[in-house]
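One chain, chain A, appears in both complexes that follow, with chain B as partner in the first and chain C in the second.
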Partner chain A sequence: MSGQPTKTRSDARSGAGFDRPPTLTKAMVAPGGGRVDRHARSRFARLAGLAWVLPAVVVLLVFVYLPLVQNFAFSTQEWDIYSGATEFVGLENYEKLLDDPVFWTALGNNVLYAVLSIVFQVAAALVLAALIESLRGPRWRKVLRGIYFVPSAISLTVAGLLFYFIYEPNLGLLNNFLEAIGLGALAQPWLGQESTAMVSIIAMSQWQGFGYSTLLFAVAIQRIPTELYEAASLDGIGAVRRFLHITVPLVREMTGLMIIVTISGAFQVFNEVMVMTSGGPNNSTQVLATWLYRSGFVRNDFGYAAAIATVIFVVTMIIALVQLWYTRRRRVEF
Partner chain B sequence: MRTKRTIPAVAAAAVAALALAGCSGGTSGAPAADVTAEPTYEGKLSLLTKFAGEPLESYFQDLADAYTAEHPDVEIELIQETDQSIKDKTKTLTASQALPDIYFTWTGDWAENFVSGGLAADLSEVIAPGTEWGDSFGEASVSAFEYDGKYYGIPLYNNGKFMGYNTQAFADAGIEVPTTFDELIDSCAPLRDAGYEPIAFGNKDGWPALHYLQQLFAYNVPTDVLRADFDPETAKWDDPGYVDALEQFTTLVNECTDTGAGTNGVLYTTAQEALAGGKAAMYYQEVLEFDTITAEGSSLTEDDFGIFQLPAPDGAAGDPAAIEGAPEGYLVNARSPQAALAVDFMKFVTDPENAKTLSSPPYGQPSAVVGAVTEDTSSRAVYEGITKVNEASQLVGWLDTVTVPEVADAWLAGGEALISGSATPEEVLESVRAANEDAQ
Partner chain C sequence: MTRLGFLGAIGRVFVWAFLLGLVVVVVYPLLWMVMNGFKTNAELFGDPFAMPVQFDWENYVDAWNRGVSDYLTASVLVTITSTVTTVFISAWAAYGLTRVRMPFGRAVSGLILGGLMLAPAVALVPLVRMFQAMGLYNTFWALLILYTAFRIPFTTFLIRAYMIDLPREVDEAAEVDGASRWTTFWRITLPMCRPIIISTVLLHILFAWNEYLFAMVFTNGTSIQTLPVGLTSLMSKHGTDYPVVFAGMVIAALPVIVLFFASQRYFIKGLAEGMGK
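Presenting the complex of A and B:
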């Protein structure tokens, strides 16, 4: 072995040094045999890889991780943006969170958002996807998928504005429609009163996201072998039982993923609330992100806003970790 | 779903980015701008306005073009925002220490923050009463930007809040202009019978309610108490006049608007259009809006448009001659290397000819320059409104700019709660007192 470099496994497959530049081959030749060579090549490969990813790492560090660390540091301070003066206050901003009724309203609204989103964007979307996929004609399947997906192609801001005018108390489509069909008694100032504002915003959001979830479920259902359904049909099993005993278990992976993504999205809601109510009336539609914005940009309390940002980060990070764990462990094979 | 994820992350990152900027150093040690120096007519001058959107957007653009035509080596960068968006923009620029050379300001606590933070240049030597430029303005307008005996602001226009009304609607309903608050409420039923929404009101953004409240506070609360309550250190917010004012406001909303408890779901501009379109009989508005209401395309003509001061309640403990309003103007960045040029440009903006243009249709922004608003230059309503402002016993600034942000925010939420009926006047006051305590 001595004196000659040993071929590595990859070299053996591709021919020694065949896919390497000459300088690299030279660098690989080291006194003492193949182990050193392998280490040298491996070190070089690592360094080359690092060089390739370094710009991305730097960008990530500067624009994602550094602001995160800074945000946490800033949540322990009070900052006067006018004078630039900062004062370390420890965990005072977090204590303030606990005593802030609007923070709890915001958190509650995020939870409500998550729960209703699971009902509509997971459960109802799965049922709808199963119904669409059970249609015999492929043309109808395509048409329906398209119809349900269209709202997802509209930006949240535009959808928010659209629904603001639908909900408008005097001129809005919804109240006028209710009156036209004889249900004028149900007409409401949907966004103008605390009892209906949040649910009205969530309803818009479900309309917007429902088709996207349906499409994802449809894709998952398409992966289920048709033989399973055919066998069940031959056994005389009805559509509901086929759905419950074949479809639901076999799209479990997608369902789990959708639940996690939906909850995560519900804790990051911002656009639709800002466009439709700005968190009002009387803070009844505040969510964590809008309260963060209001605390910083309206109330000038940037340290407190940073504390809210940290809470959102922690919540969504936990959800993201659960998502990673789930997608690694839950593989449905068929 | 994917779109949602980015926004809060951006918001959080924005706060963090502001934190980075904020930690990088304050304004201390910054060289003071020399506003009295002879300007060098070269370089870039940046200006942040709240004139975005037609017809106002062209005003500063035209002035910038005219100024650079005279001084070809000067470039003027205009950053034009709306009344709503300029609040965020200014704070973001402040936090990132990127304020332009000249920037818009309200009076009261808003301007004071920039002054106390060392971000506004002391303009006393060029604009204080007694100086040539200073004397071209009404003294009250210049004094509105006075802090600790120094003058910081360049007043661009005056402003006040009035009830604008459709004279044809009043004729149809057979009623006269009300002279007391009770008469105003009593006029609503006949106006409704005549087919009009008595008072159009949209409070989606929260601040329109504060305009009613502040005028009613001025009527119901003794002036010295009211002024003391604007400062968190001396504020008590416990005068019984506040409860009276809040109850009067609730009565007005319930009796005189069609949307009542749902008014929080209506845009301010929707209400504005209801008067301009001839559907509503009254709409509470600023002088700045008068020419918009009767602009080309509106059903309401200039001849059919009248104004009156929101009537004061009988026997109220405050000042019945006070009008809610304030001049609005511009500050010069204390750290601007172009401070002298900035002053020169603003002298150009406020010269008599440009002041008259600003005061005339389609702009209708009543200039703070003496003699700019006349019966010949301005529309009848603007002239009448600004005359009333000048004759008022005192001007009381907007509630959300004279109070500190925490208190202003509590009033915003409180106004909305009163409208939707979810809080009593006492509960609203309690939340304001709590916010004041936090602000101390």
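Presenting the complex of A and C:
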């Protein structure tokens, strides 16, 4: 869009918008329009345009992109923690990864996290949002959305600590509640045993996050013209069918986006696991990010941690590219 | 809509029962947290459902004195400064991307918005080495820089999407009247972007207040710890004194809850714009 050789000088100094064809502007006809010369689109002026993006570009290059590239280099190195010397080991760290049972456990936990999150943060949240939006009083809708969102506003650390106590065998709400309703036999150390720890953490995460996705779906539903629902109602179409045939298709774009954001988030999970179990018991709740942290900063195996980081990068990149492809293809028109 | 059949009435009752049940599931744990902040350890272990015998602020004072005041200060400081730098740099970049002609325009916007796709964990190991080398490890600066750097793509994305839809005629007219680019940005475009600026400010506050991974890795020392990290140290240091930990959790959670309810309208708008584009 730039640098057409045919550009005349008067075009260049017109000060018109830059991504539209040059047109006659006030500057060209008004007396004293010469003041616009200050913004003359000379080569220098265009170069000066970079000043606007310079801070963002520099910060991103130095603190986001450079470390990203360095990470690949690090993943092919082995660190001597005593001398600080590095040694090139090729793909050894990646081979180690494939033989590491904890890595596979972590990857499996991330996948489980993604699947359960889609069930609750996408499917259930969509139904919930539709239920809320079908209520008549606008005030009630607002209050409910607000209440459901509160856990998302408090940090994952606070929510994680809170549920650490809720799952606590003696003073925790969960076991005491089970006993109170006569199901005391089901009481157990939720975070203390391998069989229940991961699911317990994921359950907390659903409690924390469902209000956020419900809110987003509610916003998407509000954009659907109400006439569609009114017409369907007049035709005697029931609520369930209205949901399936109007709501679901028309929030498809949001649903697709939410699925992708949810999966991507599931592969970056760190906080809740760290706060509640630190990956234990016996590494059963390890996820990629906590295993990366433990490998790098507790066991000082930086090369190995960098290799895990590469895996996270590859997975999230694939998801991001799918998202890009998806949002380009699907544009819902009302 | 007017003729609600019997089934419709039953359905309505079920929907309400379900929605209110969910309210209980959300609110009860939060109330329990607040109540436990008022209890003594003996009460806490005695009956988890009971109300505290008396509303004594002792645990809150205790938590405050055992470090929560420092964590709060650090959180406020990091949150405010990183919000200002992030939103400012992002708005500046968004103006450049939508209004100013520059060489490599496409590459630049790809570079800035492409950062949206990157997970912070991926850069963790090199960043630690880098900050150690720069002498910024365990300092306030590490968090300020990282929160800014990793949130510029998202914030720029939101502001840019909003700026694209703004009419250009106004700032062109200003230019014609002799306003410099800088004046146009500061006095005309930015005020027109007020709704999205408010949204991005709120979203960044929520992020910075609650961020944990960077805070934990980059402020390992005791010099500066934000609330999320501080709470876990409170837990490990005073692990048996649970009511104090609960009080600390309430102090950490309250500001964002209040902020959310005070700004719900903008908040929802920001979320909608962030996801909708």
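Observations on the structure shown:
Assume the second predicted complex is superposed on the first by the 289 of 334 C-alpha atoms of A that agree within 3 Å, B and C clash if a C-alpha of one lies under 4 Å from a C-alpha of the other, contacts with A are read in each partner's own complex, and residues count from 1 in each chain.
Simple rule for what comes next: a contact is a pair of C-beta atoms (placed from the backbone, for glycine too) under 8 Å apart; a residue touches a chain by one contact, two chains touch by 3 or more.
As the structure is a prediction and not an experimental result, all values here were calculated from the model.
When the two complexes are overlaid on their common chain A, residue A:243 makes contact with neither chain B nor chain C. Touch criterion met: A:173 reaches chain C, while chain B stays clear of it. Once the two complexes are overlaid on the shared chain, A:147 sits against chain C while remaining clear of chain B. In the superposition on chain A, A:297 makes contact with both chain B and chain C.
Using the contact criterion defined above for the overlaid structures, shared-chain residue A:326 touches neither chain B nor chain C, since it reaches no partner.
With both complexes placed on chain A, chain A has more residues touched by C than by the other of chain B and chain C.
By the document's definition of touching, of the two partners only chain B reaches A:189; chain C does not. In the superposition on chain A, A:49 contacts chain C only, with no contact to chain B. By the touch criterion defined above, A:268 lies against chain B and chain C together after alignment on the C-alpha atoms of chain A. Applying the stated contact rule after C-alpha superposition, one finds that A:156 touches each of chain B and chain C.
Touching of chain A by both chain B and chain C, each in its own complex, is seen for residues 63, 66-68, 70-71, 74, 155-156, 170-171, 212, 261, 264, 267-268, 270-271, 288-289, 292-293, 296-297, 302, 305-306, 309, 312-313.
Across the complex, chain A meets chain C through its residues 1-2, 15-18, 25-27, 30, 33, 35-36, 38-39, 41, 46-47, 49-53, 55-57, 59-68, 70-71, 74, 128, 131-132, 134-135, 142, 144-151, 153-158, 161-163, 165-166, 170-173, 176, 180, 207, 211-212, 215-216, 219-220, 233, 239, 254, 257-258, 261, 264, 267-268, 270-271, 274-275, 288-289, 292-293, 296-297, 302, 305-306, 309-310, 312-313, 316-317, 320.
Taken in their complex, chain A has these residues touching chain B: 63, 66-68, 70-71, 73-74, 77, 79-86, 121, 155-156, 167-171, 188-194, 197, 209, 212-213, 261-262, 264-265, 267-271, 277-278, 280-284, 288-289, 292-294, 296-302, 305-306, 309, 312-313.
Those residues of chain B whose C-beta lies close enough to touch chain A in the complex are 1, 3-5, 7-9, 11-13, 15-20, 22-23, 25-28, 87-88, 91-92, 94-95, 97, 113-114, 116-119, 204-206, 258-259, 261-266, 270, 405-406, 409, 412-414, 416-417, 419-420, 422-423.
Residue ranges of chain C in contact with chain A, taken from their complex: 1, 11, 15, 18-19, 22-23, 25-30, 32-33, 36, 44-45, 48-49, 89-90, 92-93, 95-97, 99-103, 105, 108, 111-112, 115-130, 145-146, 148-150, 152-153, 156, 168, 172-173, 175-176, 178, 180-181, 206, 209-210, 212-213, 216-217, 227-229, 231-232, 235, 242, 245-246, 249, 252-253, 256-257, 259-261, 264, 268, 271-272, 275-276.
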